[in-house]
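Chain nomenclature is as follows: A, B, C and D, assigned in order of appearance, with residue numbering initiated at 1 for each chain independently.
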């Protein structure tokens, strides 16, 4: 039922948090195995799944933020029933005819119920209209391809037309998607330009960097936001930590490329634990209303 | 070709030329008239060269642009422009020797030129960090781009960069944000911008300098979201399949022209830019002048909107309803 | 006054208050009615306070604003504004704990607040570098000023900074240029700007945040091109004459108001801001609201030109011909 | 005769380089003692004064750049006879009535033949009109007071009105001048604003940082230039090296706060030896002509 709602044509729909688990069992297998009990990736405590749900998938023992899907993210942020999705049927044309790519996509589409790695739409956060986008780490590691790029560009364009703020939750571990080659690279250009046109109208853009925001996602729209928030512990950077370690042949500093580390180096405004995210966004949006 | 690295696929040419030389010596030594045979062989050699160099695989082209004698940005600038006054520093943290920039004269007209700078030998490469900019390099580029805009000076970039630098400090000082800002700033400049991919056009590091109203590309250059080696690792768990990946990723100039990612291919001298630097410089200069003449006629608003439209077009998708 | 540092000139007050307390105890112990004597002494004490605190020398005021209990920027922000959401980082190099900034609500209206932040004890002072910003602090301020301008939000600064930080890294990362840029950016903002010198207004570090349409100043604060100690060293080769230098440099609020360097003095509670924080906050808030109401009525162009004119006026010179 | 020319009303005057020594004997005593021979501050070689003059006061042995006066600087940069000075009679009103200040000023005025620490005017560099200012290190260490500030502001204003480039040679070792207190501080504000208004008209400003550019001079107009050049070896910074050493209680790095050091740290475009300065300025101005 959750999925049906999301697939419906743009209109305000009810997204019920209590139905989330249906979806979780599909997409979050690695992070949150099925069954009643879940082991925390960080502290290894065994957690009761219902408790974890209530705590918004933040480990009650150690504060570890489990990866959540784009749908869950939107459910978490928008007022109940206040989200209408854009472009839900948009799919890639596979511009390079890259071998095995379409098969791979199909597998992810079936697993996640999404056509590609992003959901965009118009939502309300505490009564305030906002154009909202969430990248889904579980869909090919949230990598940016033509669909992700085009949906972000259109989201900014709509926001510009309607004079609305934009919030993007960017969990894109894979950066640019290899299988669409240079077209994925071009999405860095396009999303930067879209963010810039929006910005030139003096409209607000808030980026929420979640596990993980790397490569082409970080090096484009995500770091051009007016205000950059991040979830605790999220991996954030351009080059991947393993590549750096291999190339430099030296150990990485403690906590390298975590949200906390990047914050200390001046690239993030605030680290916001998940339970405070909606209120924070609501306040920031309210303070930028004209 | 003394002191020049010979690539695998060039061996037949080199072997044949060696034979011709031997035959010449032999003829001279023995006082024989072998001129007809030598002429034939030389014709044969020319044909062979054309045949080999005109049918390079993607990988062979990559080998060519990674050739140690490939002209670097400094050498190309010297060949293309009448004058070049380098400006230094990002005014924030440092001066990045891996990226050069300054004011040059293209046919007497001031332009701002920005380019990653590889070294010509190991010592230089260590100084230049193999042409891999740190954030201060991108921020110097941003500063010079804004300076160019202020003085209504076109911006020309020469792009030859493997990709992002996988370094701790580069991450700490925000190479992601620096690249994003360079993309954004160059993408919105109110002056003509022309990018020339002269060698390696590696991912975000290249795109940061490639937001041109025109994007030109040297015949053998490549432009890719990921290095073929890395793609091979992702696809096959090791880098033995870089050649296949290079084909699949369609990163060569001909493919990119067909996909309209680039606007024009600048031909290279037979065998690559390093075989005839002067001609290479002339070809680039000619292409820059021709394109600049068109762009200089456009009003500022049009330059900006045309650039937006140029990149806006790379978002073709399917939108069938289920 | 428990746990509060007593300054030299405050001793007579403290002594007298101690006597009164002793007399009270004595009266109670012996069951004597000394209420008239005690009342007299208390009146005397009030008069003494007023007398002492109303006739402070420049140096005594400096001692007051350097008082360890003097409210810091964070405390003042808490007292003045309804809400404050701190934003961090210069997006270039780091987040400087010596300078805080963010969005606050002044009577429900969003404003951007920026302030150097001293520590309240040694541990905090080490974290906050004694409220002495590095270049990344000024650059965070610049970023937040531009953000405020983008969203048409007034900028309020609270200035309490000894001066520039004499550090190697601060020089390396360009504190000179960073201060110049902050002056320039704040000086040209298209939104209302109000600076409040709350404590020490030390040279370029203070000016970087003091380009206000209005410059207000707490009664005991100072604002100077050079610290009195440094002036003494220059004039007398040692810092024994800091008190004299403080007078000669005319760095107190009354002198600066007469010279029109500042626009308004915000009164402090008797004995200094730390004696009654709540009132201090109320006084500042009242002054900010009153001035903001005037500035918010002005069009952007007028805000900018009025600010230019404000500072343009500080160039009075003699131009007699010989 | 040299002095008379400079004191004349704004008009094009001939400034003859060969007359420089008259002035040098007055103002450069510390750097270049009278007599035929001079000892280099850096390499300690004994130099023949006539040679040093010919080499523009650059030591032929080690390249050390001797401090030269504002007049010599202008003579060195403008085409012969092509300089008309502005505001040559401007003097301070001693806004704080600072004890002993006027006496001190008088001493410097007599020593240097200048009313205060700066010369501004309209000049031609290789035939190109430019508004030129030079601060004189020998006049109270080139410190910035109301006169220096006001003359710079007026120079920028004239340049803005006439659409001309501005070049300032900033040898201001003392930063802001203590004796004018907060009014000296205000000159940082005023010169920054003047430079900004000039800049907003898309006009060129080139700063030439010479020995020494410190404190309030460096932290205002001098670092807001489009192009920042520096002479070799010039001391450039905000806080003074001795103060830093005393406060930090640690040794300063080799070459700390020299032009070369500051250049390496990204704050200077080029280091230009004195003999190349005029040509460099001429080219840069030519390339920014419209």
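Criterion: a contact is a pair of C-beta atoms (placed from the backbone, for glycine too) under 8 Å apart; a residue touches a chain by one contact, two chains touch by 3 or more.
Just so it is clear, the model here is predicted, and its values are computed rather than measured.
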Subject >> For chain B and chain C, chains touching each >> reply: A, D
Original post:
Taking mean CA positions as centres, which chain lies farthest from chain C?
Top reply: B
Original post:
Where the centres are mean C-alpha positions, what is the separation of chain A from chain D, in Å?
Top reply: 55
Original post:
Between chain A and chain B, what is the gap in Å from one C-alpha centre to the other?
Top reply: 34
Subject >> Mean-CA-position distance for chain C and chain A (Å) >> reply: 43
**OP:** Mark out which residues of chain C touch at least two other chains, giving numbers and ranges.
**Re:** 91-93, 173-174, 177
Original post:
Among the residues of chain A, which ones contact at least 2 other chains?
Top reply: 223, 265-267
Original post:
Given which chains touch which, is the overall layout a line, a ring, a star, complete, or other?
Top reply: other
Subject >> Each pair of chains that touches, named by its two labels >> reply: A-B, A-C, B-C, B-D, C-D
Original post:
Can you list the residues on chain A that touch chain C in the complex?
Top reply: 199, 202, 204, 223, 226-227, 263-270, 280, 283-284, 287-288, 290
**OP:** Flag every residue of chain A that touches chain B in the complex, lowest number first.
**Re:** 7, 87, 89-93, 95-96, 98-99, 146-147, 149-150, 153, 176-178, 180-190, 192-193, 195-197, 215-216, 218-224, 236-240, 243-244, 246-248, 250, 252-253, 256-257, 265-267
Subject >> Partner chain B, residues of chain C touching it in the complex >> reply: 91-93, 135, 139, 173-174, 177
**OP:** Can you check the complex and tell me which residues of chain C touch chain A?
**Re:** 83, 85-95, 103, 105, 110, 136, 140, 147, 150-152
Original post:
Along chain C, where are the residues that touch chain D in the complex?
Top reply: 164-168, 170-177, 179-181, 183-184, 187-188, 203-204, 207, 211, 223-226, 231, 234-235, 248-251, 256, 259, 261, 308, 311-312, 314-322
